[in-house]
Structure formats: structure tokens, C-alpha cells
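Going in written order, the chains are labelled A, B, C, D and E, and every chain counts its residues from 1.
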Amino acid sequence: MTARFGSLHRLPLVLLIGTAAVFLSTILCVSPGGPALAASLPGTLKIGVLAPLSGPYAAGGTSFVQAATLAVEQANAEGGVSGRRVEIAVGDSQGRVDVAKAEALRLVSREKVSALVGAYLSEETIGVMEVAAAHRTVLIVPVAATAEITDKVRRDHARYRYVFRVGYSLPQWAEMISAFLSDRKVRRYGFVGAGIRWNHELAGTLERMAAAHGITPAYSAFYSAGNPAFDPIAVAAAAASPDIVILGDPGRNSVSFLKRLREVAPALPVLSVGGALGDARLAASIPLSAPVYVQAAAWRGVSPDATAYVERYEQRYGAPPVGYSDTLPYDAVTVLVAAWRTAGSVDSAVVVPVLEFDAFPGVAGTYRFDAAHQARWGAGPGTLHGTFVRWERDGARIVFPPR
Amino acid sequence: MTGGAANLKIRDLTVVFGKVVAVRDVSLAAREGETVAIFGANGSGKTTFLKAVAGLVPATRGKVAYRGEDVTSLPAHERAARGMRYVSDRSRVATRMTVLENLEAGAWLLPASRWNAARERVFSLFPALASMSRSPAGVLSGGERQMLILGRALVAEPTLLLMDEPFLGLSREVRDRLLSAIETTLKGRATILLAEHDAEGAYRLLDRHVIFRNGSIVHEGTRSDVADAKELVLLLHRHFRP
Amino acid sequence: MSPLSQVLLDGIFAGGTYALMAAGMALILGVVKVINLSHGAFFTLGAYVAYALAERGIAHPGAAALLSAAIAFAFGVFLGKSFVNPIRSHPFALPVGTLACALLFEQAAQMVWGPHPLSIETGAPWVGPGGLLIRRWGAIAFLSSAALLAGLKGLLATRPGLPLRLIAEDEEIAGSLGMDVEAIRYLTFGGACAMAAAAGALLSPSGAVTPTMGRAPLILSLVVVIVAGMDSIGAIFLLSIGLGILGNACAYLLSPQWSYVALLAAVSLLLAARPAGIVVLAGRSD
Amino acid sequence: MTALLSAEGITKSFGATRVIEGIALSIAPGEPVGLFGPNGSGKTTLVNILSGLLFPDAGTVRFEGKEITRLPIDARYRLGVARTFQIPHPYPALSVHEALRVALAADPGNRSAGEGARGDEEGAIEDLLSRTGLFNQRLVPCALLSQGCLRRLEFARAFACRPKLLILDEVFSALSALDEKELLDLLLAANRDDGTAFLLVSHNPPLLKSLCRRILVLEEGRIVRERRV
Amino acid sequence: MLPSFRGGWPAAGIGLLLLFPLSSPDAFFLDVFTTGFLLAAFAASWDVVGGIAGQVTLGHALPFGAAAYACALLTSLAGWPLPLAVAAAILLAAAVGAGVGTLSAPLSGPFVALLTLALGEIAHEAAAGNTFFSGPGGYAWGGEGGIPVALPWQDAPPFASYYVALCFLCLASFAMLRFSRSGAGLILRAVAGSPITAQASGVPIARFKRLAFTVGSAFAGATGAGFAIHVGRATATDLSLELSFQAATFAAVGGRGTIVGPVVAALVLHVLFQGLSLPPAARVLLYALTLMVTLRFFPGGVVGTVREAAWRVRWKNGTGSFRRRGRGRPGEGGS
């Protein structure tokens, strides 16, 4: 008797009930409005920080959280926001869009954060954007550079107006690199990067922008993470005899590639677009037979703020920041806190206009957002513009922009 | 039970696989140098019994004592180190190893100094193996494989030989060759448990015989109980067909 | 120096790296009959040991290889004895179990040494005949994989290697001949892990040391081992070198982005072309 | 009378070793034929070629006049050529009943009949089970069966396609006398009542003589003698 | 007796899952469960290929991702209505499965795993490394950012997603269970158990292997399309080896060839390790340790080990201990 009743073969009945329940609850839960912001909590204010803390991207994600932590401490040292302490709540996005979305939901619905900062990879960030838009929560994007983010803000401002990017857009990266190449009298460059969309787009944008300076690409190659064939790339890059080789979005692979390249072409200069090569711990083992340049958002010595930040970071974590993915999250939190202070509230409806119209000083410069909520670059002192440094045996030296 | 000092004593050995009781409360003793033939239909538990004695399958219950030492809890390789050798059916040669390597594996526990002599002894018993010693065992015929398997046991100079259907599917000629090899090297020197179908072949070796049915011993007899192989066949026939 | 010949020479070296990993995996596959997905983790372990030594001023790859081999052997024996051996009878549980072990190690490495890439100085390459560069790490990888595989071949051909081959063919018989099969299995597992760690230590200066660095070489050596099998050490070596050359030639002549795809496609074609050599019954005449 | 199965010029090598060479044989409908040969004479290879598990390097195999040289074993089974294995390879997780359902599902007549044939299928299975004496074991997973039962299951599986030709590889070796007798009776009954031809491979001459009308003797890959009983 | 409750537990489980959202959990929990349901359906679809048919595939993300990408491209670029795009995506996944099945049918054992791994990785490389399509914004689509799915709604209420995904999981696993117990499923289990005997019983094993790949891939495709809709985007992760491994892991822990086992394992492991919001390091360590401990003590998978034990209990006293029954379904006897 029992075998007949409960068996999975009787599932249709259960499913019928289930389907009925689906319709019932869909009707039930469509009616009430969206979730309320937990801005009115007394005591502390929470900022949700999303970054990959496990798996292959854990290095970038860890630095990301470290920078955000310093920023919050700094904010609290300056008295918090209207006397309320600021805290961060961390979510591990694991490099996956579904996890990033789920963690963003957790931060918003359970941790009751007032704003989000993150995520690290482009796909994660685009997923988190949807959560931010749905919950009308401010999201500051420090790293992900894809044009899709700002494009969405431009096209559907009403929905995505909560999203601001302090990180650099591809044209900004490309513009800066072109200026630097021009300054170094480079005529032909080689471009090598991981075979991801970001690098393909950077290479394309750079080619267009550099052409204005009369600089042409001599070689470009994208490698696969499954079998990064660095030897042939290094040989081919050297054979094309460019004046400099640019490494796009480099993680640990940049170190391996640089070693391969220096074996074949010891005198060929290399420019790393941010990434692991800005790491002082690595610099000691990098072959420096020719210049190694690193493009960074900020560096020790660029401004008093930058120097102070680098020193605090080094003191806390044992090594200076690499200048990009562990500097911009600091600025993201700083900008957010400044906007809260100005607005006198953490309510998104009030904070968004403040972010849209005010200027916010940070380590890398002063942030002003354009119509697509992308931080604008400027030429004068105090504006955003990025920095190039060159590694020497005893540390890095700022070489661009010229003072 | 026959008199004399039994050097292999098995008491109430039981082996259960899942739901199947393969061997049920079997007690058996064998004296030094005695050959005991184990007859039984397929599935009557002969193979499991021999493997349990050799330590290749765990005994569920019961005790195996060899030369006064309880070896029930010892793994197969430690029993082998005490002179036991399990001689499997002919499918169990390492086909990708050469004949010589198969023999050498058999002499794994033998001091290196005695290896050359042991090898030559096997080669003189089975000249066919000597001529093919460098070939992979996979090319051997069935009879040659059985010679190799027996040779692999003989090189180790065993004191207790557990033979599982060594003559299965062999021509009379090969069988006689194997029988005489066993007679010249081991008969009277080592204790032999021989599980067989072939009453005629086994009759040449046995001192005693037992008959298995459904995992138990149903009949025990001595060589003198049967006058010749034919009578043994008749006896077995009676027991196999209830 | 012609770029193409340099690329092909580098391909041989790259193949040496795969062979170095594949040798140990093949040994485990043959004797323990397990596809060990934690092999890459032991490679990573070796690299971290080398880094830790270099940081303390002992930048000698040989010393690092010895120390890391000893550490990996200990861990490998533990893993083999208390995890792999008991669940061997469920062949499907083991790839997943060893993968979990690799994740465990990656996370532990990240907690001990941090997630950031670390690096050891490479040293200058040697210049060979015709201006060809002989990369130091490449030469090390090639020579040590050649030596390792030759040693393995030698071991298997001599008396001490007999149990390994017999266990690969028929464990029960090995046990009945007096070989301690369980012990030989976990010792082999430990030994193969030690080989992976030594490889990691030797190759650590060639790139960056990170917790997940073992993943990429794992996949490629897995490919080598499954296609070549344990039977022929020579086949492992040749296939590794072949894949190395193919990957590099493809990256140079076609596109680097497709070199990984080209390797996998080549292996797929190899499988499609001769599945008959692999089907169970074929070739058994008796 | 046309031959049920005929083979000509069958040759097969593995690597450098030629296992069988230029074998020709034919089996008439309903004819019991024996194949005798010492170990290593190529019996199993020949059986594999005749049953479609291996394809010959040269030569042709015909069944009822149709060439089937490169027809795989499953297609031959559906034509009515069934074989048993010397060492049964059971499906560990399937019961005896299920194992026979698999064999019956492959029968084209059974499959095309659709759901209406379910009763027939049950009937056929019960018939096979009772003929082979496996009825009491029908729900037991194959992994728990004894050797004798596995051999019976091999027979039941082979009979499931109502074979015109049975190829039996050493089926009676290493069996208890009871098992042996029952299976022999089964085979003889099939031969007598349904006109099933069989090719019985064995190294047991008395057995072959008692069962077969004709015995082929295989040595070193060739048929060296043919004895009529 | 324990076996008599066998069928009751799934019903109770489904009832609890239906009740759960009414206990007002937060949106995050609902999201974790929704993803869990999809992963569970994916694990079950792996089990059709890797468990029932015994073709251990490491490229099961291929049909999953292919359907996700098809769903995204057809809705976003071609402007197809969503149901049509989903149907097309499932068909595409089935076709991909048929193709993979055709290629791998002559292979056995680890070679199947290797070939499917290679095919999956090739697809992943193609998706991760290339920007084939230009979206309306003037920037490229594809690559690591993936391709959005154009949905007719915005911000689906988590309740709705939860119930739809649960409903999908129930229907899909019910269908897969029925398939595994059908005649074709029986033949596939025979092919998994012993290909030689199946072949000698007249089973054209290549065709049935292809069938298993096709059916399993169709379900994987349905899950992939659902996943893309839930996440709002198809990304290269949908084609990754990690995802294939994840499915194989759930099957190993739950019990291969049981369908229910992988579903339960996926739900429990996913909800446990995503839902508890542990610190990342603790999560990875605990996840790995749980896997190792489970496999150490249930090497046949939890459901598989329990089922085998029940099996042995039932036939404890040999072949005569069960009653003669009528024409019942074998293997489903209650005592």
C-alpha cells in the first residue's frame, strides 16, 4: 500500500499541486512593491564589496577588498558619515556572474548595505548592475572596464542611474597609452594580451587612437589561458622588432611572458597595462635589461594623497599596491562616502544627484562623472589622468606624465 | 582425520559474499607432504576456499593455522612469505610481461642468490619455457601458460601449494607433463591442496580427497578408499548428482 | 637564428614539461588505476617550496626539488593510504575525490602564501649553435623528463619494478606471490606525487607561482596519459613532445589563441582515427 | 539444401601473428556442428568473426545466402545468429528479468508490435526463465548470480532472439553435472523442436561426439580435419 | 520497513520546498535555491549520460552553454520571442548532444571523458576568446562579458523564479526518471553494465549511446536556457570545464545512475555552501572536505550506497527468500 502511494510514479499529482502553488504565489508576490532600502538603520552604515576571493582571480579580489577596507577605516577616522560608523560587508563573487548576482542580493537583502562597490570581472559587474538597478542601490564600479556598463546607463538612465564607474574606460586607457607612446618616441608597438574581450577591444581602440600620433602596431597576439604559448609569441614579437611591447590586462601570465620575452629580446622595452607587474614583490625577480613600464591609476609620489595611501597600504599589507585594482576600490569607497556626507543621507534618490553633479577628490585624482556615469579625465593638476612608472632595481620611478 | 602432525589446520572456515555463503564451516587438516584433492561441482566453493586459505579473500569466520601459527588475519603477501603459494587457473599470467619476468615475479621473496638455480630448475622441467623466456607471456599457448603458472609457484620453493583447477581444459599430454613436474619436485615435500574436476589427473597425486557441495565438505576419503581413477569418477558422480 | 626553428626548439622544451607531469600520472594510472586530478596541486606545492627556499636565500632548484619531493611523498603516501586505497573499488569516486583534494590544497596555499603571484629569478638563457636560444628552464624540463622517463623505463624493466608491472596487470596474483599490493600502491602514489612536486620546483622560475598554477599543465598531461597509456613510456614522451611542437607551431603559424584548441582538436582526431586500438575485445585472440 | 551459414577464405591477423588463415566452413539449417581445437588454435577468433565481434582481414561470411561479413554482432543477433561467451559479462545492476527484456527489446518483431506486445514479451520472458530454470532467480541482480546461473542466463539471452544458429563458446566447461545436463537437454530440445542449428566450440571430444553430427578440427588457424559422427 | 517509505520522501521534500518561500525568506535565499534547482536539473541530465548510460562525460557544459548562448543570441540579436528561442535552444542542445554522441560512440572508458573534455574546452575557448557579435551599443558582444538575454520582463520577482525553477526541476527529473525506467533506459543501463553483452543481445550500442547523449543534452540545454534567463545573460562560464566537473561531482556524491541522487546532492551541496554565506576560504575548505569525507564513506554515492545496502538486505538469504509475485515491475518489490 505504502509503495503505491508515495512512489515517484505518483509525482504528477504532486506536480499539479506544485503548479497551482506557482500561480498562486506569483500573483501574491507580484503585487507588493519593491524591497525597501534599509537606510534608516541606526548605528552603522554598510557598504557591500563584491570581488572574487577564491579561484583563479583571488589575487585581484583580495587586493580589492584590502583597498576598500583601508578606505572605510579612513572614513571612520574622519568621523564617519554624520557621526555614523561605516562598515564593509564582503561577498565572494567567485568570478561567476550567477554567484556575483546572488552575493549582491545577499548584501542588499540580508546585510542591508546602503551601497555596493564592485565587482571585479566584467561579467560579474554586469550581473551586479541588474541587482543594483532592481533594488535602487548605488553601485560604484572600480575595475570592470567594458563599455556595456556605461552604455546601459546612457541608454536607460532611469533604471541604471545608480551605477557609477570610477574605473577607466577603454578609450581612456587607450588615450593615455597613446600619449605615453608618443612621448617615448615609439613608432611601432607590439600588443600581447590574454584572449579576452577586454584585450581585443583595448587593442582595437588603441590602434585607432595611436594612429592619430602616427604610431602603428607591428604585431599583436592574444593567448589562451589553457595553453598560453608564450615562447612562440615572444619569438614572433621580437621578430617583428617593435619599439615596445604592450601587455594587456595581465595577471600572473604577464610575469611568465615577460620572462620568455626577455630571453629572446633582452633589449625590448615592455609596457604593462596595470596588473601584476606593478607588484613590488615580483619586481625583484623581473629581468630589467630593458625598461619595464607599468601603467597605474596612481603611484607613490604622484600627489600627497597618493603617497599617504601607498604608505598606509604598505604598512598594513606588507607591500605597496600595484597601482590599479587595489587603488581604485579605495577611491570608489572614498567617493561614495563623500557623496553620502554631501547628501546628508544614504538614500539613493538623494545620493545619485550628488554623485552626478559634484566633484570628489581621491587618490588617483578628482572624480567627476559624465552623462554615462563614467569618471571623466582631465588635463590639469588634480584631475584624473593615470601614471606610468618604470621599474628600477631600487624601486619604481614615475616617468609620465612629465612634471 | 588422518594421524600425524598436521601442519595446515583449517577450522570452521566460512566465507560470505554479500548474500551468498560460498564456504560454510569447513574444517580440514593436512600433514606435511600430504596432497589433498578437493572435488566439487562448479560453484561448490572450492575456489573461494583455496583463496581464503591463501588470504586472497577475507574469511568471514573460522581460523587458518599454518605450521602452528594462526595466519587468519594475515594478508596474502605475508602468507606467501610463509611458503604458501596459490596456483591460479591459466588465465592469470601477466601477458605483457615476458616469461622470464613472470618467473622472476614468482621468485619475488626468494633471496637473489637462489634465483638462478630456481630458474634453471623450472627451465629443465619445462624446456618450452626456456626457449620462449624472452617472449611476452601473451603469446604462450594455454598449456604453456599453465606450465608458466606452475613454474612461477615452483621457483619460490613453496611448502604449501594451493592449486585451483590446474588441469582445466588441458590436453592429456600437457596434463601429464605438469603432473610429473609436480611429482618430481613437490610430492612428499610440500603440502598440496588441489581443487580439481579431472578425477583422473588428480588421482595420480592425491593422498586424500574431500568433496565439496554448496560450500561444505560432504565426503572425505583416502586414496585407499578408491582403487583407481575410474572408481573415483564413479564416486564423484554419485556426489555430484544427488 | 630563424624564428621558426627557435619556436620548434621551444616546442620540444614545452613538451618536456608535459612529459614531466605525465610520467607520474601514468604511473598512478597504471599501478593504482586512478586518474589523479590532484597531480597539478603537487606541481604547485613544489613551486611554492622552491619559492620559499629562494626567499630564504637558497635558490638552488636541485635542493628545492629534493625537499619538495620529500614533502610531497609524505603527503602522497598519506593520501594514497587513507583516501585513494580505500575507495579504489569505485573508480568514479576518485577523480572527484582527488579534484576535491586539489581544491583543498589550492585554498591552503592561498591562505599560507597569499593569492598574489610570486616569482623567482629565471637566469639567462644559453646560446646554442646557430644563435638558437636554449632556455634554461626548458632545458631543465626536457632533460629531467627524459631522465625521469628513462629511469622509470629502467625501473620497470628490472627486478624492483616487477611488482609495479604485475600489479598493473593482475593485483591478486601479485598478492599471492608475496607482494604487499596495498603498500606498493600507496608508495607508488607517493612517489608519483613526489615527481610532480620535483617538476614544480624545477620549473618554478620559468613563470609565476600562484595557487592555481597547476591547473593548466594538469589538463594537458591528462590528455597525454589517457592517449598514450601506461604501457609505453616512449609513447608518453613522444606524444608530449609532439603536442609541445604542435602547440608552438600552431601558435606561431596560425594564432596563439587557437593553440590550445589545436592541441585538443589533434587529440580528438587521434581518438576518432583509431578507436579500434582501444575497444576492449579487439586484439584478444584467446 | 542451401547453407544457413557459410564462410570462405577467412583470414585474420593480430599484428604480425596470423591467427587464422583461409578457413572455409558451412553449416546447414538445423545442423549441429562441433568445433574442436587445442588452446591457441584460433577457435575464439573464428567464433568472434562468425558472430560479428571481429571482422576478418579477408574472406566472406554469408547467412542464408546474404553476405554479412561486416555486419556487427548486434545486427547478426537480430537476424537470428546468437552467441554465448565463455566468460559471461553480466550487467551487474540489472535483474535476470531485465537482462532478458533487453534481449527481447532488440528483436525487431517484438519492437514493432508496440505496447500490445507487452504481454507477449512477459510471456516470452517467463518461457525463457522456465526453460533455463532461472524463474526463481528472475529478480536477482546479475551481480549476485552464481557462475552456473550466469551460464544459464547466457543461454536464455541467446534463445531470446529465437535463433536459427547458436554459436556456443565452451559453454559446458567448468559446470556442475546438473547444470551441464540441463543445458545439454535444452540445447538438444531446441535443435530437435525448433530446428536450431548450432556451432559448439569445445575441447571435450566425447561431448562433441555425443552432440554433433559433424566435427571440425582446428589447428594453428586452419581446419585440418572434418569428422562425421 | 524502510523501503516502503522510499517514495514518500521525495513528495515530502517537494512539499517542503513548495512551502519554503511562504516562510518569507530573503531574496538571496530564494536566488540560491533557484540556482540550486537549475544545477540539480543539470546534474540529473549529466546522470542520464554519465550514470544511466555509463558514458562519463566531462563536456556536459557544452549543450548547457550552447543552449544558453542560443537563447541569448536569438532573443537579443534576432529578436525572437523567448519561448521560441528556448525551444530552438533545446533543439540545438539536443543536436549538439547527438553530434558528441556520434563522435564518442566508438570510444569507451576514459576516452569518452577525454573526447568530451576536449570538445567542451574547444567550445569554451571559442566563446571566451572571441567577440563575434556587435550589440546595438556599438561595442562587441561575446567574450568574457557574455551576451545578454532579452527578456520580456524586468526584475522577475524571486518568488516567481523560485517556483518556476522548482517546477522545471520536478518536471525534468520526473521525465528523466521515466526515461531511465523506460525500455530505452533499461537498454542504456545494460549498455553501461556490459556493452559486449548488450551488443550480443542485439542492441546497436552506438545508436543507444547517441540517444543517451541526445536526451541528456536536451535536458542540459533546457537547464542552460533556464539558467541564462535566470541570470539574464549567457557567459563563457556556462561552457566551462568547471561546470561539467560540478555536475560530475554532484553525481558522484549523490550516486551515479540514480537521477534522484545527483538532484539531492546538487541541492544540498549548493544550498549549503552558497546559502550559508561562509567566509570564502572556509567555504572552499569545507566544500572540498565534505566531498572527500562523503566519498570516503559513501564511495558509491549516498543514494547509490543506500540503495545497494537495501538490495543486499532484500536478498540476504539467497535466491529463495522473496515471494513469487505477479507481473510486477522487477526491482520494485515491497515486502
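Keep this in mind: a residue touches a chain if its C-beta (ideal position, glycine included) is under 8 Å from a C-beta of that chain, and two chains touch if they have at least 3 such contacts.
On a predicted model such as this, the values are computed, not experimentally measured, just so you know.
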{"item": "Topological distance between chain B and chain D, in contact steps", "value": "1"}
{"item": "C-E against A-E, pair bridged by the larger set of C-beta contacts", "value": "A-E"}
{"item": "Most widely separated chain from chain C, with each centre as the mean of CA atoms", "value": "D"}
{"item": "Remotest chain, chain B as reference, centres from CA atoms", "value": "A"}
{"item": "Centroid distance [mean C-alpha coordinates] between chain E and chain A, Å", "value": "34"}
{"item": "For chain A paired with chain B, centre-to-centre distance based on mean C-alpha positions, whole Å", "value": "74"}
{"item": "Averaged-CA centre spacing for the pair chain C and chain B, given as whole angstrom", "value": "42"}
{"item": "Mean-CA-position distance for chain C and chain A (Å)", "value": "36"}
{"item": "Residues within chain A bordering two or more other chains", "value": "54, 58, 195, 222, 224, 226"}
{"item": "Chain E residues counted as touching two or more neighbouring chains", "value": "121, 125, 129, 196, 281, 284, 315"}
{"item": "For chain C, residues that touch 2 or more chains besides their own", "value": "107, 110, 219, 257-258, 260-261, 281, 286"}
{"item": "Interfacial residue positions of chain A with respect to chain C in the complex", "value": "54-56, 58-59, 61-63, 195, 221-229, 231-233, 235-236, 238-239, 251-253, 255-256, 259-260, 262-264, 276, 279, 281-282, 284-287"}
{"item": "For the chain B and chain C complex, residues of the former touching the latter", "value": "54-56, 75-78, 80-81, 85-86, 88, 92, 94-97, 101, 104-106, 108-109, 112, 142, 152, 156"}
{"item": "Complex interface listing, chain C residues touching chain E", "value": "35, 83, 86-87, 89-90, 92-93, 95-97, 99-101, 103-104, 106-108, 110-111, 219, 222-223, 226-227, 257-258, 260-261, 264-265, 267-268, 271-272, 275-276, 278-281"}
{"item": "In the complex, chain D residues that touch chain B", "value": "17, 38-40, 144, 146-148, 170, 173-179, 203"}
{"item": "Parts of chain C lying in touch with chain A, wherever the complex brings them together", "value": "3, 6-7, 10-11, 13-14, 107, 110, 114-122, 124-125, 133, 135, 138, 205-208, 210-213, 215-216, 219-220, 247-252, 255-261, 263"}
